[in-house]
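The same chain A turns up in both complexes below, where it pairs with chain B and then with chain C.
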Partner chain A sequence: MKEQPIPERLQISPFLVFYLVMSMQIGIGVLGYQRIIAMDAGYDAWISILFTGACVHVIVWMIYKIGETVGGDIVTAHKYVVGNFIGKAICFIFIGYFIIYCLTIVRTFIEVIQVWMFPEISTFWFSFGFMILCIYIVFGGFRTVVGTAFFGLVLPAYLLLTFGWAIKFSNFYNLLPILDHSIKELLTASYHMSLSLAGFEIIIFFYPFIKEPKKSQKWAHLAVLTTTLIYTILAIITFAYFSEDQLSRQIWASLTMWKIVEMPFVERFEYIGIANWNLIILPNVCISIWVASRLIKRVFNIRQKVGVFFVAAAVLSVISFVDTRIKINMLNKYVGKMGFAFTFIYIPLLFAAVMIAKKLKKGKNK
Partner chain B sequence: MKNKRIKEDVQHKEWEKSLIKSKDFKKIFYYNQKTNVRFGLTFMATLIDENIIQDGILPNLLEEEFREIEDIKQLVPVADVQICDDPSLIEQKLLNGYVMLTVETELKHFGFIAAQKEIVRGLSQPEVEFSVIGPKEAFVESMGQNLNLIRKRLPVKELIVEEFTLGSLSKTSIAMLYMENITNEDNINTVRQRLTNVKFDAITDSSYIVQLISDNSNSPFPQLLDTERPDRVAGILAEGKIAIVVDGSPHVLITPTTLVEFFSSFEDYFLNWLLSSFFRLVRLFAVAFSILVTPIYVATLSYHYELIPKDLLSTLITSRREIPLPPILEALFLELTIELLREAGARLPTKVGQTIGIVGGIVIGTASVEAGLTSNVLLIIVALAALASFTTPVYRMGNTIRLLRFPFLFFAELWGLLGIVFCFCLLLTHLMRLTSLGRPFLEPIYPPRVTDMKDAIIRLPFEKQSKRPIFLRTKNPIRFSKKKAEEKKDIDE
Partner chain C sequence: MKKLTLFCLVLLLSGCVEKEIIDDINIEVGVGYDLAEDSKDKYRGTVLFQEFQPDKSVINRTFSGSGKLRQDLLLEVTKQSSEPVVTGGMKIAVFGPDVSRAGIYDLIDSFQRDASIGARVFVATSEGKAEDLMKGEYGTRGNSTYIYNLIQHNIAHRDIPKTNLHILAHDYYQKGKDPFLPQLKKVSNDKIEIFGISLFKDDKEVDSLPVKDMFFFKLLVDKYSEGNFDVKLKKGELAAVKSIRSKHDIKMSDNHASINIKIEGIIREYTGDELATDVIGAVQKNLEKKIEKECLRLLKQFQELGIDPIGLGQMKKSKQRDFDYKKWEDEYKTLGFDVKCNVEIEETGIIE
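After this line comes the complex of A and B, so read on.
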């Protein structure tokens, strides 16, 4: 079966990859990654962020190389390496991964809402509303999903400035002495950081939707760079604001920092922040639903609309059962591990396999 | 010879059967004085201008040498004189205000002389899109007059006027205008296709066309811009858009449009770019304020009163202390009152409308505060929000904005601030999915096009606008060559 190329009117401009990648990388993780990375590497953890950022660049480069070689998305890449049937079987796992990923984001966000804003909000009904919104977005096609990513990044961008209030009460000597942790501790922190920086791997799923994908590569790298810098700067501000002991007890350090924000007409800024976070979470969920439903379409050859409904229904049917902090934490841990395995282990392996397959095919042709 | 005028019964033909029942159907026979040829005039008396018959047609036909139908081309001093032999055209021509001429000797040929009675309202000032500076002409109900107003402003051969007749009963003439060398061919074809596909019996106004050819008829947002300003139409034609003139409607439609265009008044182009950019920003702020402020009030007072600083909170509590209603009912009560006042004011004659506005605004407002139904603060907020919604330069969009407040209120009551953001996401998605003539409605915000931003949220000076908007995909994207304008000067040169 020859694959149909995506018609141009459905494709996106190369620079929009910037927003897609960045909005996927920035999600619920920003609210509380500081404590997790500081657990091992202490206040040297910002070095780990930079290190992870550098690794991400390498993976992005690999993804583009794969896409360029096979001229398509991950399904095409699998077909290229192991043939149609096994390729689709492997993709089946990713459908599961993205459904669970979607579930985790929505559930964690609802937890934040329940802890900080509405203790009584119904998990099911809020996620029900959220899923309807997402279905509406995904039905608008990939361009609408990218639009959500664009607005989900641009509109809440002002929130970054609000962390400036914390600087007034910061003590940057907290960061000293630099490099008093072992390499192993730094690497563990890097591993934890990789969970927050993950999300860029979606490029391999929408690669055929980019107009002139080669031009988009620099935007993808720029996006990763920007995200890394945002995470680093925010981490440094957090480290300067909290003492190490204090930070170890803050699950959502970023939210706590908003408590200091004070304006003549607004107190308790975290309410506005969390409400706005809805906009940031939305592209995360929509993109993962889009990817999952797209994979369903590619693997089972059914309409993508059916896939979207299936994904939403799957998330809704499970979400009520994840009801305690422990379960949510467990879910996050497993998704993190899966994400790490997929991004930092599977993609390099796939890259190697594609390169070998390319060499072999070249040899055959001769 | 004597002037003979005879009325007589002839055998009725197919087309005559229904027309003869109408009182204004006239069929009169005459004899020419010189050649004694007997000829008949048939017309609808209410549609034709009797002066044309009295002064232009009859004297010439009676007194000059008139032998056969062919002669009328010389004898009758009217520009639109046609001779044809197809009886199926008769009905339509008669009902379009033509006088039919028949000669006894030539039963197969019919002469048609145009004698339409044109009742044209005099040009008046634009009322909805009034501007202090700039031209004061507005469109009227006659298509001929409207086309004249547009053509006068664009006297070039590339301005094409294509005409359609739509509506099985109303037979409305509709003209599609575009610049042949600029406008995108796909857009022209789409509009042409959609207009020919219109299936409706009576099209009495351009608003019908707006609803019939919109991309998404289930959206509260208008996807075609309607304007009563000829200068605006000329301006958009030069940009490469398409205008649709409907006979009998004083509003001309513009397509494709974008959301930001609905918030730009044409007056913006008459002012210095700094001023007009400032006013545009004020307008956009007003829109956001108008939609969001009441929902935010409801959300904060229902759920998040911790958000409000202590000093402000005490003011709010004092004003709400004696109100028995929850914030949502209080807000709904006031919002509906304002809508009621607006609706009543719009339906009444101007002077009564003003009185209602004052009575409603002052008396009901004060009374409801004193009666303890609403708080002072909310009264101010709702009044300001209503005021802000009237800053939208396009009337249709103003209506949409007032409607949008209600879903926001609902979600604010449901989930507080979170609900407002949620509803905002819904709105944003709807706007992203919306297209006008297949072109994205939110452009240039999304898809982001920096070059089109120069005339969107702000308006840069004309020298910077050397290119036509990208989203129109015009045949000729350059408005003027920029090279000449670009000679930079140093100090003291």
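After this line comes the complex of A and C, so read on.
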């Protein structure tokens, strides 16, 4: 059975993959990843970021190889390897993964708003408003989602410059001596870094939507490289700004660094920064809703709009129950583990399976 | 229809969060802490507000309260204030001598925990009670602005090393480095002055440096320093040297720390007849000798007190893998120092 190809008017140009991947990778993790990696590898943890970044490049290469071989997304790949029914059953898990992913992002962001700005804001009503916006965007189709990703990355990009204020109060001696930690510690930090760098795996879900996918591969790699560098530079500034014990207490180190920003027209820059962060979160949520609903469509053969409503309803019905720091932290930990298992274990396995299946099929054809 | 629902939602959702209108709140701009007189584990806090009058003048208003936690103080103060109290505009925090000797960690932790308090808040100690210091009438722009600017320009142009809440917390949590704070003194009801530097061991004040040592202290702990210093020559002439740039470079070897200080300066005033080249040379020599002597004395003093405001321990750690801070504490007691200073007088003003 041959699958229907995606019509060209719904496809995106190859270079847009850059924005999609980057805006998915940069999300809520940026606000507080420094502490998590520094817990293991201390102030050598920036090396771990580079290492994780390198691993991500390999996975991206595998994803493109899978897509190229099977000529489609992950559902096609499963069909290619294990057949229609089991393939769809496996994909069912990913629907759950992306719903939880979406839930985690929204909940963690609302927590930031509650702790830093408005403690009395209602979790449910904020996510309700946010979901309406996301449903509206996803209804516009994949190209609208990509547009959101573009603006969600370009408009708040100026925020990177605001971390420059911290440099004035930084002491780069904090980073010395380099390589004061064992390889094991560095690898543990790399593992913890994988959650922050995750998000690039969405390529395998929208692969058929790319016009000339081969040309987009270099953009995907460029996106991963840029994200890795941003994370590394921000980590180095953070490490120079905080002393080690001090950082271990900062839940949102990046936000705390905004406390030093001084502008004549604004006393507390965090308020502007967090409000802007909404724009960074938006594509994250939209893309994950899109992916989940797309999978629902592929697996159950129903309209995607039904899937979108289902995802939004699922997120809204659970979000009120995640109400304390401990629960939110747990949710983040589980999503981190799932993300790691999916991107760094499952995708290589799938890659191997696809390659073997390709060999076998070739043998049969002879 | 869709647009209408969205519009209604916008109207509904905008009422979700409590509003804080600037005219209807009291913004805490400064705070002073002392220990309460009745019981030793309670703080007595004095919170400073400023009220802007229609004629652009500022009225200082202080409220005092006591409690075991910072939030208790705020609660007490809120009870007395006609408007809700918010902490987002805090600029200075002053610790009285009994609080700084008993330990300031709890208060620093509370400042750090509070999302609305900035990192640029100036923290200082006071020579007398912090409450009295807060209750004066300094300048025309409000007490907190006055004290803030006082510290600010003394950091930029004079002898206070770079400091603020973030640097205090950084040094406190940094192993192998101890924090220090500027010390203020209320001279009269409308005057306040910088009285010295308070030295801390962990979070407790152990000693303070007088104003005359601040120049040397800043040379040791800060990178750029713009300070004034008087040099006495043999015949009793005086020369005022203003340093434009200073740099220090610390080299740590086994059981020895050698500190190199480099100053580029200009002569501002001279009381002798003529500022000839040999006089300039003498000024340079005398200043170098003086700095070497005084810095060495300060270093010895720190060593005796068992404190390390310069961060020699951190310096040593940055050069050595698997550094053991426990061992370093013993090593520090017997550490040898030498200070080398190099002064370069670049200009002597517009007359010779």
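Note that in this section the second predicted complex is superposed on the first by the 365 of 366 C-alpha atoms of A that agree within 3 Å, B and C clash if a C-alpha of one lies under 4 Å from a C-alpha of the other, contacts with A are read in each partner's own complex, and residues count from 1 in each chain.
Note that contacts are C-beta pairs under 8 Å (C-beta built on N, C-alpha and C of every residue); 3 or more make two chains touch, one makes a residue touch a chain.
Because the structure is predicted, anything quoted here is derived from the model rather than measured.
K.L.:
Which partner does A:148 reach: the first (chain B), the second (chain C), both, or neither?
P.N.:
Touch status of A:148: first partner only.
K.L.:
Who does A:278 touch here: chain B (first), chain C (second), both, or neither?
P.N.:
In the superposition, A:278 touches chain B alone.
K.L.:
What is the contact status of A:314 with respect to chain B (first) and chain C (second): first, second, both, or neither?
P.N.:
It touches nothing on chain B or chain C.
K.L.:
Quick one: is A:129 in contact with chain B, with chain C, with both, or with neither? Answer first, second, both or neither.
P.N.:
both
K.L.:
What is the contact status of A:116 with respect to chain B (first) and chain C (second): first, second, both, or neither?
P.N.:
In the superposition, A:116 touches chain C alone.
K.L.:
Is A:180 contacted by the first partner chain B, the second partner chain C, both or neither?
P.N.:
The answer is second: A:180 touches chain C but not chain B.
K.L.:
For A:266, is the partner it touches chain B (first), chain C (second), both, or none of the two (neither)?
P.N.:
So A:266 only meets chain B here.
K.L.:
Touching A:13, do we find chain B (first), chain C (second), both, or neither?
P.N.:
The answer is first: A:13 touches chain B but not chain C.
K.L.:
Do any residues of chain A touch both chain B and chain C, and if so, which are they?
P.N.:
117-118, 121, 126, 129, 267-268
K.L.:
What residues on chain C touch chain A, complex-wise?
P.N.:
Against chain A, the touching part of chain C is residues 6, 9, 13, 16-18, 88-89, 112, 115-120, 162, 164, 166-167, 169-175, 177, 314-315, 317-323.
K.L.:
What does chain A use to touch chain C in their complex?
P.N.:
Residues 115-118, 120-122, 125-126, 129, 132, 169, 171, 173-174, 176-177, 179-180, 241-246, 249, 256, 259-260, 262, 267-268, 270 of chain A touch chain C in their complex.
K.L.:
Can you name the residues of chain B that touch chain A in the complex?
P.N.:
303-304, 306-310, 312, 415-418, 420-422, 424-426, 428-430, 432-433, 442, 446-448
K.L.:
List the residues on chain A that touch chain B in their complex, please.
P.N.:
12-13, 16, 113, 117-118, 121, 126, 129-130, 133, 136-137, 140, 143-144, 147-148, 150-151, 264-268, 271-272, 274-276, 278-279, 282
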